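The following pair of complexes shares a single chain, chain A, combined with chain B in the former and chain C in the latter.
Our next item is the complex of A and B:
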């Protein structure tokens, strides 16, 4: 017995020593190699192990649909993803450690940019295989923005806001209308006012406009809500959500309940990736700034914060408008990824999804928002073969998370980029 | 004038559903400071249980095994369904809310939301996607009072919902358990220290609220005899707004706010195109809340979110 546990422990130690010195840079290179590997020999390997085509989501869909394919899918995932990425990461880690140190010495931003470039290229080649992956990655990236922005309100500020679908809708419609009016010959809005070739360059303008309109909407909620503390915001924001949905449904100019389509294809993967990175950077800086700390103080004890010279009302308003701005940007991106919007998309169901992402990942934490958004999005794609039972499993999982970790998986953890990109020392 | 009166009667009926559902929300909210987002789906479950019980009783009496007059079937259906649904409500409390008693309130709200989704999906799996039609328990009789058409169903629905609200009001005012509930609403940290069993009172609150929701579900099934698994969502969220509008800890307030919401919705649809209903109704509610932040009968409070 003891011998066994000893060998087990030593095996775990070997694994730890083997992997502990691998920095993020090496992991990213490993993932990139694995993805390239799939691009080069994926089809051949899939054929060899007996899968009908390259599995789009690590073989999970195959496994759930056809239990007899489980060994083949596992074999494929091991051969294409796990083995190449781990081995490459281990091999390049001494070099990567030195490179990471060098990069960090030059500047943190350069190091971050290199990491992001590696991540982007991995995603780029991964999504090359199928359009399904492409749209899923885009939606996941957008979900990260949405979750982060709601986390600013529900996590960092500690209020309960239900208005996010409303902000998304405002952003989505504003960006859509902007692009349709200026860059598309549309039967609703007439011929394009500007040459369509300019469109992609003015896409950020449309998104920012959408964000600003969403922030304007947020002002409507914020002015009455933040006079008192309590559950006031929950109700007003809920009413706001209903009002926005109903308002758009009645606005014949933008298609009413039928919605708008024919959005130009501006939201390519690099654009969405860049916006998500930008949002992560800005929101992370926001919550670590003095204003972010003031926000936490307001959440923990408003009276005490007030007596410590925090202007509580202005702090809450700023944070709320800021979050709404990013929700609006995310809405604009969403509309251009799906290339169709209608008011029905921004209802109660959307609210439940967004709330689930925030509380699953973790309150008051940028890591948590990333984990929550990616986790729920991947889970709901992976469990698709289970059809309706998906909607039993995901809620059950979320209830369990809430019972055992009431503030979410990774709550109250600071996101420090320097720690993430720094080289790893060997642990002996 | 007749047009107005006709709509007034419709609004009374429509408001009855909101009032009954809002009562359940309001009780849970005032005692545990909790948003019970599963409540709309409890209403749906109540309607389906009512459907099951009514079909069963009708089948029994048509086979001659147990010949019951139709009014007795109605009464039995309401009572049995209320009882069974209150069991469902207590289970929800036990599974989704009690383990989170000391967690942030928002987390409990999320589990409630998720329980709601599970109830909807479970229903879909059990009974399939087709809608079921509620058996007609009351043969419709229409009375023409100077041009205003009133059916006996509408009268019954309004009377039953008012009677149940009144009964709840009396219960909360004049019984020992009601007193415990009011005390708990006053302070749910200190009052349990005085020997009031928090868990029992919480379970009872959920049972009462769910029973009322079941009654609302059956009445809804009688008035609009088509049930589908997602019927509770919108009703639930709207009744939630009504409950807050009524004010924390006020049975009277929740009832009144439920009826008010019914009135606003019906009369907006009467004057404006019916697509504008939500837009105008919620704008009015927003205005009311701006001027009366604590609802009609609520007292100003400063809740600290326990995060």
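Our next item is the complex of A and C:
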């Protein structure tokens, strides 16, 4: 008995030693190799283990649809993803540690760029295999922006805002109309005003415009609701969401309830990836600065913040508009990924999803927002074969998280980029 | 020109007159005390001076400027620091973040600096951290800089609060019962700290206290407030021997 637990412990130690010295750089290389592996021999392996085709989501969809395929799907995932990525990561880790150290010594930004490039390549090759993966990755990246921006209000500032679908809608419609008017021959808006070839270069303009319109909408919510603290914001922002939705439904210029389609295909993976990275960088910079910490102070004790020279009203307004801006940008990206928008997309269900991502991942935390957005998005895709039961499992999971970790999975944790990209200590 | 000059300040909560015709003059570098039984309106006086409440009548001049109607953060930025009776720390923030945040009005990097992490922002944040650490050193909690405040013992939380108020580089520091709930050892230490900061930073201090020993030892002049009215003002000895004070504040029996 004792012997057994001792071997167990030593085995755990070996595993820890085996993996503890692997830096993020090595993991990313490992994942890249695994993805390339799938590209090279995925079809062949799938055939060999008896799967009808390459599983799009790590075989989970197969497992849920057809329980007899569980061993085959597990085998595939192990052979294609787990084994190659772990082995590669372990092999390259001494080299990667040295590289990470070198990069960090040159500059943090260079190191971050290298990591992002690796992550992007992995995503690029992974999504090459099917369009379904491509659109899912894009939507997940957008979900990260949305979750992060809502976390600024609901987590960092501690107010409860329900207006995010409204901001998304404003951003989505503004960017769509901008592109349709200028770069597309459209039956609504007539011939293109500018050469369509310019379109992709002006795409950021449309997105920023969408963000600004969303921020303007936020100003309308903020002026009456930030006079005092309390439930006002929740109520006013909920009303705002419904007003925007029915406003667009009744606006025939933008297609009313039928919505708008024919968005040009500008939101490619690199574009969405770049915007998500930019958003992450800016929001993280903001919440880690003293100006951003003022939000936490306002949340934890507004009177004290006010007495410590913090202009609380301006702080709240700024953060709210800032969050709305990013929601607007995310809305614009979303419209161009789906290439269709209608007002029905921006209702109470959308709100529920976004709130779930924020509270599942963790309040007041960039890590939490990433985990929440990716987790809920993947989960809701993976559980699709279960149909109606999906809407039992996901809420159940949320309730469990709320019981055992009331502030979310990874709450109140600083996202320190330097710690993320630094080399891991040498093993003893 | 006195640092703080309050003239005939009156405040009503609905029909209740909480403070009546309150006068006060504090010179630079003075330590003054405010005593009085529970509910006498001591904290209300602080809240009126710092702008959390707006006086119904009267004038408040801080550093020669009329502060009635200004927002608390504006008055604070003029150099009026304070602590709270129930501390009001920010429960999710670390000690260092507390002290850095009180330098909010001193930051000039603006939103662009916050968003894009410019060189100016990094410089100012670094400078703020250094100043904060030296203040934490002064109150003796530097080793706790990275702790979240809710994990700290009570005495350390009090010190953090004092450091936070000092970070805004006040000319006048209002301390609202800084020794409330402390044991004799903690009490002795906090009194040393108050003496230290008074000597080293040369600021004026106005403190509310329940424990007479503290005010008697620290203060040059003491006001006694009962039911919103000043019934006595004078040196510790005068206050101690004033029959009105003994009557209203200490009760009928003689304490000393």
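FYI, the second predicted complex is superposed on the first by the 426 of 428 C-alpha atoms of A that agree within 3 Å, B and C clash if a C-alpha of one lies under 4 Å from a C-alpha of the other, contacts with A are read in each partner's own complex, and residues count from 1 in each chain.
We adopt the following convention: a contact is a pair of C-beta atoms (placed from the backbone, for glycine too) under 8 Å apart; a residue touches a chain by one contact, two chains touch by 3 or more.
The structure displayed is predicted, hence computed values, not measured ones.
Partners chain B and chain C, brought together by superposition on chain A, fit side by side with no clash.
Contact comparison for chain A: of chain B and chain C, B touches the greater number of residues. Touch criterion not met for A:78: it reaches neither chain B nor chain C. When both complexes are overlaid on chain A, the residue A:348 reaches chain B alone and has no touch with chain C. By the document's definition of touching, neither partner reaches A:185: not chain B, not chain C. When the shared chain is aligned, chain B comes close enough to touch A:246, but chain C does not.
Here the smallest spacing between CA atoms of chain B and those of chain C, following superposition, is 9 Å. Within chain A, the residues touched by chain B in the first complex and by chain C in the second are 299-301. By the touch rule above, chain A contacts chain B in their complex via residues 154, 158-160, 224, 227-232, 234-236, 238-240, 242-243, 245-247, 249-250, 299-302, 348, 352, 355-356, 359, 363, 388-389, 391-392, 395-396, 398-399, 402-403, 406-407. If you check the complex, the residues on chain C that touch chain A are 50, 52, 71-73, 76-77, 82, 84, 88-93, 97, 100-105, 107, 109, 111, 113-117, 121, 125, 128, 164-165, 167-168. Across the interface of their complex, chain C is touched by residues 282, 285-286, 289-294, 296-297, 299-301, 303-312, 318, 364, 412 of chain A. Within the complex formed with chain A, the chain B residues making contact are 35, 95-96, 99-100, 103-104, 106-111, 113-115, 117-118, 120-122, 124-125, 233-234, 237, 240-241, 244-245, 275-279, 282-283, 285-286, 289-290, 293, 300-305, 307.
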